[in-house]
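Chain nomenclature is as follows: A, B, C and D, assigned in order of appearance, with residue numbering initiated at 1 for each chain independently.
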Amino acid sequence: MSHKIAILGASGYTGAELVRLIATHPGLEIAALSADRKAGQPMGAVFPHLRHLDLPDLVTIDQIDFDTIDLVFCALPHATSQAVIRTLPANVKVVDLSADFRLRDPAEYQKWYGKPHDATDLQETAIYGLTEFYRDAIRDARLVAGTGCNAATGQYALRPLIERGLIDLDDIVIDLKAGVSGAGRSPKENLLHAELSEGTHAYGAGGTHRHLGEFDQEFSAIAGRPVQVQFTPHLIPMNRGILATVYVKGDAAALHAAFTDSYADEPFLVVLPMGELPSTRHVRGSNYAHISVVPDRRAGRAIVFCALDNLAKGSSGQALQNANLMLGLPETEGLTAPAVFP
Amino acid sequence: MSHKIAILGASGYTGAELVRLIATHPGLEIAALSADRKAGQPMGAVFPHLRHLDLPDLVTIDQIDFDTIDLVFCALPHATSQAVIRTLPANVKVVDLSADFRLRDPAEYQKWYGKPHDATDLQETAIYGLTEFYRDAIRDARLVAGTGCNAATGQYALRPLIERGLIDLDDIVIDLKAGVSGAGRSPKENLLHAELSEGTHAYGAGGTHRHLGEFDQEFSAIAGRPVQVQFTPHLIPMNRGILATVYVKGDAAALHAAFTDSYADEPFLVVLPMGELPSTRHVRGSNYAHISVVPDRRAGRAIVFCALDNLAKGSSGQALQNANLMLGLPETEGLTAPAVFP
Amino acid sequence: MSHKIAILGASGYTGAELVRLIATHPGLEIAALSADRKAGQPMGAVFPHLRHLDLPDLVTIDQIDFDTIDLVFCALPHATSQAVIRTLPANVKVVDLSADFRLRDPAEYQKWYGKPHDATDLQETAIYGLTEFYRDAIRDARLVAGTGCNAATGQYALRPLIERGLIDLDDIVIDLKAGVSGAGRSPKENLLHAELSEGTHAYGAGGTHRHLGEFDQEFSAIAGRPVQVQFTPHLIPMNRGILATVYVKGDAAALHAAFTDSYADEPFLVVLPMGELPSTRHVRGSNYAHISVVPDRRAGRAIVFCALDNLAKGSSGQALQNANLMLGLPETEGLTAPAVFP
Amino acid sequence: MSHKIAILGASGYTGAELVRLIATHPGLEIAALSADRKAGQPMGAVFPHLRHLDLPDLVTIDQIDFDTIDLVFCALPHATSQAVIRTLPANVKVVDLSADFRLRDPAEYQKWYGKPHDATDLQETAIYGLTEFYRDAIRDARLVAGTGCNAATGQYALRPLIERGLIDLDDIVIDLKAGVSGAGRSPKENLLHAELSEGTHAYGAGGTHRHLGEFDQEFSAIAGRPVQVQFTPHLIPMNRGILATVYVKGDAAALHAAFTDSYADEPFLVVLPMGELPSTRHVRGSNYAHISVVPDRRAGRAIVFCALDNLAKGSSGQALQNANLMLGLPETEGLTAPAVFP
C-alpha cells in the first residue's frame, strides 16, 4: 500500500527533484503539491521535464487536506518553513528541507539566520537529517531536519576522522566547489548564465556562510570541544554537484582506513581506493557520494575529497532516504539509479 | 526470472548508458561486458559513475560464452559490428546500435559508409529499430538495427505527416542541434572542451551526413516516391540532447492533430500543446521525446520541433525499449525515470 | 584630439562592451556614463572587469552636460530611448542601440513593439546602422539606428543575394542560434544558468520575433517587392555569438561569388572558401563576421552561414564602427582585435 | 621600426594567444610561425579566428632564417624546447614558454620532469619570467623562462607576504581552480567536452604537480629557508582562467596592506578592497590579475585570492610583457585591452 505524501514548495529545484525521485518509487504516492505563487498551474507547466507524469496541480498550502497525508516534504524557505510546520497535524510526519530545524541551539539559529526561532518546542523534537549518523533516531522521528548540502558534503569528509581523533581539530580547511542549482530558482543578476558560465569565484568567504553553523554544531558535539573549521565555498559553472576538498593534519592511511571501516555498510557512501580522485560528474543526478583520501607530500598531512549531487544526496535524495526510514520502507527505495554521465 | 544480456563495446558512451539504464531494470542481468582495448579492467575504472554496481569486468568478445546469453547489445563501431554479429549463435537475440543494419539496400550502405556490406544475408533479416513504427516486427525479430540518433529525432517529427500526406515532400528542411556525446569518446582535437564549449557550428552540411541515408530510406518508403530532405546538423555545447527544428509546408493545425492522433498511445512520445516549444533540458537522461508544432506567420507553413536525449531515446534507451519487446517484457521497463533537470 | 562621448545605459552588457572597445581606442574619451538605478556607483563596481580603467562614475542622464559631448551612445531600452534622444541638443551626434529608430514605417514600429512611435520626426532623419550597406549616409548622419543583432546576422547572409536576384524570395529560412547575452542582464528565471546551460530550445518561433520587422523592411526594399522570410531563433548555452543557418534556393557557386565580390573590400566581413563552416567561437569578442556558402546535395539549393559576436559586430562594435564614420575617424579604429579563442 | 619575432610551436593555444596579442601591438612584426606537424598550412586553417590577419604560413623550425629575427617566443613542449633553443644564434633573444628553464637547480628539474637537463649552461643564464619580481634582470636577459601559469597565480598571492614575513611558512595551502585550456590542445579522452563540462575534480593532488618545483624554488629563496606549500589544482569547466584560493596564517589587514604597497605601481596587478572576491570572468582574455584578502572568522587566519587568465597573464601575456622589456619597448604595449565579459 502506498503512503501519501505532500510536497510544499514544489516550484523550486528541490521540490522538482523530489518529484523526479518519487516518480519511480513504488511505495509513495504524491497526493499534493503546493506553490503559493504558482497555485492553479499544472506541475508540468512549471517543470516541463515532469509533464508526462500524472501529478496533482499546484495548490496553496491551505488547500491541502493534511488528514489524508502520511508525510510532508517541506521545501519552503527558512522562517516560512517553521511557521507552516507548526500548523500541521501532529500525526503527519515531516521532512523539512529548509534550515529551520538544523541548529539545536536557538542562539545559534539567531546568529546565523538573523532572527529569533519561533518554534523552539518543535526544534527540540527535530532530528538532524544526516542519515548515516542519525539513522535510528530518524526512524522514530516525527520531524527530520534536512542538512545543508554543503554541510552534508563536509561532514561525510570529516565525521569519522573527528570521531576517532585522527586529525588536528584546529587546522581543518574545507575548500568547497558548488554547482549553481544550490542557489535556487529565484531570478538574480548574479545567477544569470551570462554571469556564471565560463568562470569561477568564491562567495561567503571568511566564515560567513550559514552552513558553518552546522559544522560548528556537529563537529564540536563529536569532538566534545569547540571545533571551528575554515570554510570557503566557490561557485562552479555546473548545474549540479559539490566537491569538498578538505585539508587536514593526520595520517592518510589511518584516515582512509577510518572511512572504509565507517562506511563499509553504507549503501550510498562509496570510498575510493587511496589516491583516486572523485568527480562531481560521476555522482550527478544520483544519491551516491564518492569519498577519497590523498596523502600530501609532507607526512602527517592529507587531503580528503567528497563529491555528491547537491540536489540529490545533498538535499532531496537525503530527504527521501530519511522518509523511507520514517515510513518503515527500505532505506534505498527509489534512490539507486546510477549517475547520469556524461 | 532474469534474462541474461551482454554488452559489446561497453567502454563507449552508449555502452555505459545501457548499463545505467539496466541497473534499475528488474528483468535483466548483465552477464558480460566487452571492450577489447580495456579488457581486464573493472567497468568502474572506465566509468566511475558505475563503480558502486556489481558488474562483470570488461573482457574481450571471444572470452564471452554466448550460450548463456539471451540478448546482446552490440555497441561496436560500424563494420566491426557486422563482423562480430555474424559470428554469434543463432539463438542469441541482437540489438545492434551501430549503423550496420539500418539501410536495407546494400548499395545505399556502400554509398554512405564507403565500403561494401559484408553481411547482406543478416541485413535481410534485420528490423529497423524505430520502436513506435516497427513495434510488431521488433517483437519477433532476432536482429534489430538501432537507428541513428539524429535520424530518430527527424523521423519523430515527420513520419506521421508524410504518412498522411500533409506536407510538401520537396521542401523539408531539418535543422538539427546535437549534443557532443553523439560524437563519441574517442579523443579528437575538435571534441576537446576548449574547442567546443561556448560556441556553435554546423558540420556535415549540404547533404553529406550519413543519417541522410536513413531519412531517404524511410521517408521514401512511406511516401511511395523518392523524398530527399535538406539536413544540417550543428554541434551545441551540451553533453546530451538533440533538438530538430523542421520546416515544412502544410497546415499547422492538421499537423498537430496528426501528432496527437498518431502518438496518443505512445508511452514515450509527448506531444506538446500547439505553439509550445520543447527544450532538450526537459528530456535529458530520459527516454521521453517532446514534439511540438508552431504555425508560421505565413499560412501553409509550419515548424515542427522534436527534442530527445541522443544517448537515451536516440540510442541506448531505444535499444532497451526494443530489447524489452524482443524478450517479451513490458516495453517501458527500466525506462520511465523522468529527465534530470536542472 | 579626442572626441568626447557619453554612454547612456552603461550598466547593461552593450554599455559595458562599448567601454571595453573604447578603452583601447585612441580617438575617443569617455566623458560620461549613465545608469539611472546604479547612479553614484563606480563603473568598476557594476562591471569589475573594467575596474582598472579610469572611468567617470555612473550618473543619471540629467546630470550629464551634453554641451561638452560630441557623440552619445544610447544603450537604453526601446521607448525610453526615443524619449531621451529627443531631449538631446541638436549638435550632439547619436548612435542608438535600441530598436526605436530601426523601422522607417511608424505602423511597422507599432506592429512589432506594441505602441505608437513618439518621435516620428526624428525617425525620418535616422539612418539604419548596417554599416556596410549605409556607409555614406551614416558618415553624414546625426542619428544612426543600430540594427538588431539577429537582424544584422541574417542580412549579412542575404543582402547581396537578394540584390543580385540570385535566390527564390519566397523560400528563405533563417534558422538562428544565439548566445544568451543578447537577452540582457535583467534577472529572469528563464535566463538563469541552471535553466540555460546544457541544453537548447527555440523562442519566438513562427514569425513573432521583433527582428522580423527589420528583415521585412530591408529585404523588401532591396527586392522591390514584399519579402517575408521564415525565422526561428534558438538560445544556445554560450554567452556570445550568433550563427545564422540560412536555407535558400539558388546556385551555390553564384551565391559564393556574390559574397566574395560584394564583401571584397569590407574590413570586417570575411568570406570563407566554399564549403567551409564558420563557428561563433572564431569571432568571439571581435568585430569580424564569417560568412560561408555550402551547396546542398540537390542542385539549386544552398545553405548560407553567418557567424558574428552579438555584443560586438551585432551591437556595440557596429555602434563604434558607425561612430568612427560619423566623427570622421578611421572606420576600423578600436575594432581590429582578433577574437578570443579558446 | 618594428622588431621581428618568431613563434615556435604556433599551433598550440599559447602560440595562438601570442598571435592574438601581437596582432594589435604596434612595435612587433610576426616574421615566422613554426608548427612541425602542420607545416605548410596557413595559420588561419589551424586557428580560424586568426584567418583575417596577414600572417606567414606555418613552417618547420629549420625553415626559419633566424638571422632576421630579433626575438623568439618558444612555445614548444619541455625537453623539445631546450634542444631547440640551444641551436639558436646567440644574438636572438628568447622567451621560452615551456618548463625547461624555470628551475635553477638541475636536480630539481630532473625530479619534477623525470629526465636530466641537457642545457645546463643555458639554464644558468636564464631569468625566471615573473615580470614584477624579476623586471630588471629580464630587461637585460637573453633568455627568459616563462613561469607555470599556476605557479604565477600562487606567487602573486604569496610573494609579498613571504618577503615581509607576515605568514606562517609551514601552513600554506593553495587550492587552485584552473580552466581547461591550460591542459593544451592535444586530443586526450579526459579533455573531451563530454568528460569535462558540467563538473569538477582535482588532479595532481598531494604534492605531485610539477608547478610545485617553482613554488619550492621561489618561496624558499625569498624566505631564506625551505618552504613547502600544500597545492591542489582542480579542473573547472571553463576555457580560461585560474583562481587561487590561498589559506594562510597571518593578520588579514597586514596582508592587504602588503599587497597594496607592493603592487601600487604595477600596471597589471589590481588589488581589490579588503573582503571583495575576484572572479576569473573579470580577467578573461586580459593581462590583468585581481588579488584580494579576506579575514577568516578566526583571528590570525586569512584567505588570499588571485584570479588571472592562464593563457594571457599566466603565459602568453606574461611572455609579451617580458619581450617588451627585453626589446626596450613600453612594458604594457599590446597588453592593455580589458577582459572580455560576459
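Here is the rule we use: a residue touches a chain if its C-beta (ideal position, glycine included) is under 8 Å from a C-beta of that chain, and two chains touch if they have at least 3 such contacts.
Computed from a prediction, not measured in an experiment: that's the story for all the values here.
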item: Third chains touching both chain C and chain B; value: A, D
item: Distance-maximising chain from chain D - centres being C-alpha averages; value: B
item: Of B-D and C-D, pair with higher C-beta contact tally; value: C-D
item: Geometric centre distance via CA averages, chain D-chain B, whole Å; value: 45
item: Distance from the mean Cα position of chain D to that of chain A, given in whole angstrom; value: 39
item: Cα-centroid distance, chain C relative to chain D, in whole angstrom; value: 36
item: For chain C, residues contacting two or more additional chains; value: 13, 181, 194-195, 197-198, 237-240, 278-279, 281-282, 284, 342
item: Complex contact set, residues of chain D against chain C; value: 13, 16, 19-20, 23-24, 47-53, 181, 197-198, 239-240, 270, 272, 278-279, 281-286, 288, 290, 336-342
item: Residues of chain D touching chain B in the complex; value: 13, 180-181, 183, 185-189, 191-198, 237-239
item: Chain D contact footprint on chain A (complex, rising order); value: 171, 173, 175, 177, 194-195, 197-203, 205-208, 212, 228, 230, 232, 234, 236-241, 243, 245, 247, 275, 277-282, 284, 294-298, 301-303, 305, 307, 342
